[in-house]
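Accompanying notes for the structure given below.
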Amino acid sequence: MEHKMDIPGLQSFLIEAFPQVAGEIAVTELAADQLTVRLKVQDKHLRPGGTVSGPTMFMLADVAVYLAILSRIGPVALAVTTNCSIDFMRKPVADADLICTARLLKCGRVLAVGDVLIHSAGQAAPVARASLTYSIPPK
Amino acid sequence: MEHKMDIPGLQSFLIEAFPQVAGEIAVTELAADQLTVRLKVQDKHLRPGGTVSGPTMFMLADVAVYLAILSRIGPVALAVTTNCSIDFMRKPVADADLICTARLLKCGRVLAVGDVLIHSAGQAAPVARASLTYSIPPK
Amino acid sequence: MEHKMDIPGLQSFLIEAFPQVAGEIAVTELAADQLTVRLKVQDKHLRPGGTVSGPTMFMLADVAVYLAILSRIGPVALAVTTNCSIDFMRKPVADADLICTARLLKCGRVLAVGDVLIHSAGQAAPVARASLTYSIPPK
Amino acid sequence: MEHKMDIPGLQSFLIEAFPQVAGEIAVTELAADQLTVRLKVQDKHLRPGGTVSGPTMFMLADVAVYLAILSRIGPVALAVTTNCSIDFMRKPVADADLICTARLLKCGRVLAVGDVLIHSAGQAAPVARASLTYSIPPK
């Protein structure tokens, strides 16, 4: 299973398709069936109290699995998120970036499924896990 | 089962606890076990193409169930979202507000569970559904 | 939106397609976008302690939404469950049947989504909620 | 993080607490934060057509994470499943056992979270994934 997009290609795609988050998210690793992104945490991602908000972690999980799918099928397809199940397990560390590692578990003709673990940079215990499903449009 | 907070109380709480979204979200209805909020859709909520983004719908569902819980247990408790499962079913209508109706299904000593339907204003078919769990801290 | 199958038709389908559960489950109500089934609770559904097991409630939710989809699209299609999110909220009452009410939230060309509430017969508070997605095969 | 129960202890617990499934499920591996069980697939687990049923896979995921929690906290606590999100991704191979590998992602004072991958024995691509949450009763 080869990749159809590499890290620079994914990063360029992000700038075009998601300009509002492209400056915050860097693809740091791309391996077979696995992709890692890093969120440069900024004030707008934080809740009062200083931890990263739930919607921000949802967005991060969504972008990570989406890019993992695109790395496999290429930038032509317009995948749509149809389901996400997310568990918030620990409070993220204040002032730490978030590292999100996605596994692509299925990349079918109609549906793709992936899951992620999110960690505060430098911490062993994950702050969140999520699984997401995408509908792949017919060619 | 009486309410411990009414609509003005919930709205004031929102301004204090979630200043970043308080101006966008209005509590429009509060009934037994049910609460409705309206999101005034703005540019920052949109994806390229003009539909409301997934993280925005996640945030809306989270706020709606959170307020439904607070209406029951009062503003003292600091409930934390532990799980969300969300299904994106249809593309929201461009230029329409989102209406989110939450049902409180369980409000226990330790866990609370609610679900929501989200509609584009004026449309009969829901754009998303979600269910959320919150951990209630001991008093 | 008319139904393509009525209650006797759904019940006959159940006997053919799911002979192992057909004797236990009765379709008791079929309305627009809503279908109710009743599980005659038997020893094999119980955990030690006398409450209905999780897999039994999962099965009941799955059958209820599946039948709600078939009532709309007819018995020809072979829908496959792709996702289920289920919350177990209260212990079912021992020696009470389970009532499961399904709502069909989306019935698209490729995906169908429904959710359920499960009650112990005669109780107001739900014991479980679930949402399920089905993949509809191309005709 | 040491284990409070080893494989023979978990197997004995299974016989006592879940006699109805104990003969079908073998704990085959126990490592730090990970536990593997094998389901000896029998006729009663099959749907018409010969593949393993959804409720059976749900049960397998539930038992695997439950045992992973008990291996950490010991047999005294009575954990209760509160949420499960499961994705059915591929049809299991007929006549093959199922291998279910659970990761314990959080084992807190009040909540524990784990996830699983389920494979047909001998196959590289997973048939299902699931994440589960358990409520841990106060001591």
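Each chain gets a letter, A, B, C and D, in the order it is written, and its residues are counted from 1.
By our rule, contacts are C-beta pairs under 8 Å (C-beta built on N, C-alpha and C of every residue); 3 or more make two chains touch, one makes a residue touch a chain.
No experiment lies behind these values; they were computed from the predicted model shown.
Trainee: Looking at chain pairs A-D and B-D, which one is connected by more C-beta pairs in contact?
Mentor: When the contacts at A-D and B-D are counted, A-D has more.
Trainee: From the centre of subunit C, which chain's CA centre is farthest?
Mentor: Measuring from the centre of subunit C, the most distant chain centre belongs to A.
Trainee: Just curious, how far off is subunit D from subunit B if you go by their C-alpha centres, in Å?
Mentor: Centre-to-centre distance between subunit B and subunit D: 33 Å.
Trainee: Once you find the CA centre of subunit A and the CA centre of subunit B, what distance in Å lies between them?
Mentor: 24
Trainee: Could you please state the distance in Å, as a whole number, between where the Cα atoms of subunit A are centred and where those of subunit D are centred?
Mentor: Subunit A and subunit D have C-alpha centres separated by 27 Å.
Trainee: Where in subunit C do residues touch two or more other chains at once?
Mentor: 82-83, 85, 87, 89, 133
Trainee: Spell out the residues on subunit C that touch subunit A in their complex, using ranges where they run on.
Mentor: 82-83, 85, 110-111, 133, 135
Trainee: What residues on subunit C touch subunit B, complex-wise?
Mentor: Residue list for subunit C touching subunit B: 85, 87, 89-90, 105-106, 108, 113, 115, 117, 125-126, 129, 131, 133.
Trainee: Under the touch definition given earlier, write down the residues of subunit A that touch subunit B in their complex.
Mentor: Where subunit A meets subunit B, its residues are 17-20, 44, 47-48, 53-56, 58-59, 62, 80-89.
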